[in-house]
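Across the two complexes that follow, chain A remains constant while its partner is chain B and subsequently chain C.
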Partner chain A sequence: MLFLAPMLVVLSVVAVFPVVYSFWISLFDLRLTRPRSVPFVWFDNYAQVFADPLFWTSVARTATFTVMAVAAIMVIATLMALLLNEEFRGRRILSAVLLVPWAIPYVADGLMWKWIYDSGYGALNGLLYQLDFIDKYMVWLGDTRKTLALIANAFVWKEVPLATILLLVTMKSIPADLYGAAKVDGANVWQRFVHVTLPALRPGFMLVMIYETMMAVRHFDLFFILTEGGPANASHVLAWDVYVETFRKLSFGTGAALAYLIALITFLLAFSIIRTMGKKL
Partner chain B sequence: MTPRAARIGRNLLLLAASLLFLGYVLAPVAWLVSSSFQSESEITSKPPHWIPHQPTLKNFEAIFGAGERDVTYETRRKADPSSGGFIPSTAKNLLPAMWNSFIVAISVVVLNLLVSVPAAYAMAKIRFIGRQTSIYAMLVTRVIPDIALVVPFFLFIRKLGLLDHVGSLIITYLAITIPFSVFILVGYFESLPDELDKAARVDGCSRLQALLRVFLPLALPSLVAMILFAFLTSWNEFLLALMFTQTPASQTMPIVVASFTSDFTISFSFINAAGVLAVVPPVILAIVFERYIVSGLTAGAVKG
Partner chain C sequence: MARIRFEGVGKRYPNGFVALEGLDLDIRDREFLVLLGPSGCGKSTTLNMIAGLEEVSEGSLYFDDELMNPVPPHRRDVAMVFQSYALYPHKSVYENIAFGLRMRNHPRAEIDRRVREAARKLEIEPLLERRPNQLSGGQRQRVALGRAMVRQPAVFLMDEPLSNLDAALRISMRAEIKQLHQTMATTFVYVTHDQAEALTLADRIVVMKDGVVQQTGTPDEIYEQPRNSFVASFLGNPPINYLDGTLEGDGAGVSFRRGGLRLALPSRAAQRVAGQAGREVTLGVRAEDVDEHGSPREGETVHGRVTSVLPVGSDQFLGVEVEGRPLFFRVGKEMQHRDGDNVALVVNVNRLHLFDRKDGRSLVW
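This part shows the complex of A and B:
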């Protein structure tokens, strides 16, 4: 028991206590701009959050961002895992290189894509122009219709490696006999992929979906670095809303209430993914 | 189709797929590195120079020599903008910030070892009531988004008087690293036979001796993975550092780099040089310890 003590102490102070305390704070009208009076307001903060139209639009944007990002991650990671599952010379180099996006900080990921998307001198414009896809440089992040998708792309690029590694382990655990049997039954490559690989990958897909959905819903870093919620609130997602409430408006009560709602949404999403995908297993 | 033709076809397909793979993963980073060696005038050429025509170390010199130069509004104005004179006065903060990041990451690693190793041993090898529950309970703490922890952490850190002090980061990073560390180690310890533990105890080892002399040497791969994850998480963390640090005294690398990107007057060639410095340590660690990282990441997946 003595062995567990340090962990229990540390985790209760830095993980359990904040969660309880956070809920407690969310019941008070705590504003740093008015530190002397902190009235207890029951669930007023939650009511305020729900009454704010910006909250509902940020829920919609978070959902859009999450769906785009998770779908893209699943497709790209599946393709990459299929490649790494083959035996060929140079495979080891690919799997080492794959860790590069995973290892670098989100700040570096953000500045890198910000520079690529740059409307004046960015690589995206340069490349598309050289390939004759566009005849003049375009605005990317500044275009409200493209912002979310472009941020999602930067997110996907960094998250794909982990998803690939997780899918690859699942792929490696598929018994070779299954493919042999399918071959004997006359299934071609595509049929073997659809009828053997995909069903066997379901646990891997589920894991990746739950994890990446959780990561996407709460993601903050790229929204700060690439757009700061702009342009015209086009990337004002839930995590950004918490930041604005808490550290720009200094309204800790509503900030905590919002943060609690995000935690709740994450739980519900993870739960419903397990329920729906678990049933098909 | 002859077997030979089929083999060539397969190889061509694999080659094409590998090139796509490499392009997707590396091209953005290659462009970051390439533009960090370009001057302001070269970086603003249309279309871009994919490979620098006149590579320059100016941007890196600006970072490493920033402490000696006094950058004021006047000296900055006098500098020739077209030659890349737009070096921000905050350039000198980058190296101290990297040092702060390093201190925080190392402290987090050490504390992780002290806390997680005994806890993981206990969970894996000592039977007690609620053992399984405690593993799940610990993982659940990671389902809570960091952003939900920000407000209580902030008030807590303020009460401790640790705002704008690296200590605030060390404490809060423990919350985000320990659960995963324990999880990796528990998995590994469980895979080691219980007989080892019994044998060591029969030979007169105490629990602590059994842990230190028998299990730790055997668990080396998982320890390496754990150390790497704790280090990288701390080195890369952004949100909490943004909330709790305000001055260069405690700001970490991600915060200083982010402050460059939000300043429109700073040349992207300089920002990219800062970005390159930020990615070099994690990339080296990832490539050198690839095997440990992959096994650490997948250990969780197979069990979960």
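This part shows the complex of A and C:
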């Protein structure tokens, strides 16, 4: 206990205090535009959040974004891991290249994709135009139907490496004898994938799903850099909502309440994934 | 029906490592063949080639008269038991056993009948709903056997199936595997590094070393008539004793000499090396080929000093220093010896082995 004490002190200062304090704030009507009067309002901030139709549309958008992104990450990472699990010339170089997006900070990732999507000189326009898929340059991020998908794409690009590595490590731990046994038992490539690889990957899938879901639900950086919640609120997700409430409207009380709700949603999602997938483990 | 024929088969890996060289082997239908050798001798490679898990890089492999080199594992009528058991961890025992039949599209009722029958024979019926991680090593072993049995394959392959079991279980499983071979009446190919397992189970043993077959024969032949010193030393517990010395020939016959020790050679050996007095040879004496009750006779007795006494229950191992070399003999436990005692042991000279000192070839067989 004595030896744990310093760590407990550090933890309570850096972790417990902010958590408790932000919850405390969420019970006050704290506005920086009116700093002298900070009334205690019980759960009024939460009620206010729930009453705001924008909150519910942000929940829906966050859900759409998360489902799109996590699904794409799972599929791409599985394929990448399967590829890198094979022995071939250039495998080591490919795995090194694969890690690059992981090393790039989100701000740089966002700026890079902003240029790629740019309506005037973006690489995407250039590429599609030269291939004759489009006959004029498009304002990609200005299209409300495409915005979420384009941001998800930038998100997936950066998240795939970690997911791939997690799945690859799980794949490497499958004993070779299991594939031998399945071959002798008469299973073809696809059947071996379904009966040996996939079930063995379940812990890896679970890890990736929980982690990426948490990342996607709380994601802020790309929304800030690429669209600032626009156009016409098309990318106004929960994390962006927190930012707008807190730093644009300077209403710290509702901002804290929103942040708390995100934390709660994330927790519930992770919990339900563990419950449903963990059972079959 | 399955006769397996290797013709000049070799296995060379891309990095140049040669796992197997010039293998010619004819495994008879319904035979129990054991591939025996130390790790890295190529025995598992040979087995994996039969299964189709490793490609044949040189030569031809036939099942009956069909060339199998290009045939993938799932088109071969073989079943295999792995050392690690390789049970599918997420499937129940029932599904593990049924998997091979499902992959081959057997009707559901047929699968159920076969799985339950195998489970009954192996006494694992109560375990059918369990997962492999809920089983003991012995139970997993049985499931692995069951998975191979239900397939009713033409060839049954086993890769060190008993080496992960404890000693007592290993011995009782040996008997069961032998029984299984008799009831299934198919060709068994069994890989092991355990000479006792090989001697108990095999119709024929193939002793391998460094990818090359050293000798093929019945357990008796391998044990009694080893072709070289490697084969002789690989079988037997404690291992055969070796003494370096020279041949000495006089009119009465040829004998082995090392320092003060002179042993007459069996007539078969004496004929083979007649007139080669002075040749450097290695003498092989099996631990059990001594008689401590016999009256010492000239040319048939070793004199030495006892260096260790190791009782092993039924009898005892005696460490004896003879002409500066430590030898081990198996003697009855009624013999009361102590460290430092001088003993005279009569050797059964008709069972002596003689090897060329340089290449280890037998000069007797």
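Here, the second predicted complex is superposed on the first by the 274 of 281 C-alpha atoms of A that agree within 3 Å, B and C clash if a C-alpha of one lies under 4 Å from a C-alpha of the other, contacts with A are read in each partner's own complex, and residues count from 1 in each chain.
Heads up, the rule we're going with is that contacts are C-beta pairs under 8 Å (C-beta built on N, C-alpha and C of every residue); 3 or more make two chains touch, one makes a residue touch a chain.
Keep in mind it's a predicted model, so treat the numbers as computed, not measured.
Chemist: Mind checking the superposed model to see whether chain B and chain C fit together on chain A or clash?
Modeler: fit
Chemist: Check the residue A:Leu269 against both partner chains and state whether it touches chain B (first), chain C (second), both, or neither.
Modeler: Neither partner.
Chemist: Residues of chain A touched by chain B versus by chain C: which partner has the larger set?
Modeler: When the residues of chain A touched by each partner are counted, B comes out ahead.
Chemist: Check the residue A:Lys114 against both partner chains and state whether it touches chain B (first), chain C (second), both, or neither.
Modeler: After superposition on chain A, A:Lys114 lies in contact with chain B alone.
Chemist: Quick check on the superposed pair: does A:Thr246 touch chain B, chain C, both, or neither? Answer first, second, both or neither.
Modeler: A:Thr246 contacts chain B only, not chain C.
Chemist: Name the contact category of A:Ala200: first (chain B only), second (chain C only), both, or neither.
Modeler: In the superposition, A:Ala200 touches chain C alone.
Chemist: May I ask you to decide whether A:Pro101 touches chain B, chain C, both, or neither, giving the answer as first, second, both or neither?
Modeler: After superposition on chain A, A:Pro101 lies in contact with chain B alone.
Chemist: Considering only the touch criterion stated at the top, classify A:Pro175 as touching first (chain B), second (chain C), both, or neither.
Modeler: A:Pro175 contacts chain C only, not chain B.
Chemist: Upon superposition of the two complexes, what minimum C-alpha distance (Å) separates chain B from chain C?
Modeler: 7
Chemist: Help me check something: in the complex, which residues belonging to chain A touch chain B?
Modeler: 1-4, 6-8, 10-11, 14-19, 21-22, 25, 76, 79-80, 83, 86, 88, 90, 94-108, 110-116, 118, 120-123, 126, 129-130, 137, 157, 161-162, 165-166, 169-170, 173, 204, 207, 214, 217-218, 220-221, 224-225, 228, 239, 242-243, 246-247, 252, 255-256, 259-260, 262-263, 266-267, 270
Chemist: Can you list the chain C residues touching chain A in their complex?
Modeler: The contact residues of chain C facing chain A are 48, 51-53, 72-74, 76, 78-80, 82-84, 86-91, 99-100, 103-104, 147, 151, 157.
Chemist: Would you pull the chain B residues touching chain A in the complex into a rising list?
Modeler: That would be residues 11, 14, 17-18, 21-22, 24-26, 28-29, 31-32, 35, 43-48, 114-116, 118-119, 121-123, 126, 128, 134, 138, 141, 143-156, 171-172, 174-175, 178-179, 182, 207, 211, 232, 235-236, 238-239, 242-243, 253-254, 257-258, 260-262, 268, 271-272, 274-275, 278-279, 282-283, 285-287, 290, 293-294, 297-298, 301-302, 304 of chain B.
Chemist: Please give the residue numbers of chain A that touch chain C in the complex, ascending.
Modeler: Interface residues on chain A, with respect to chain C: 175, 177-178, 180-188, 191, 195-196, 199-200, 202.
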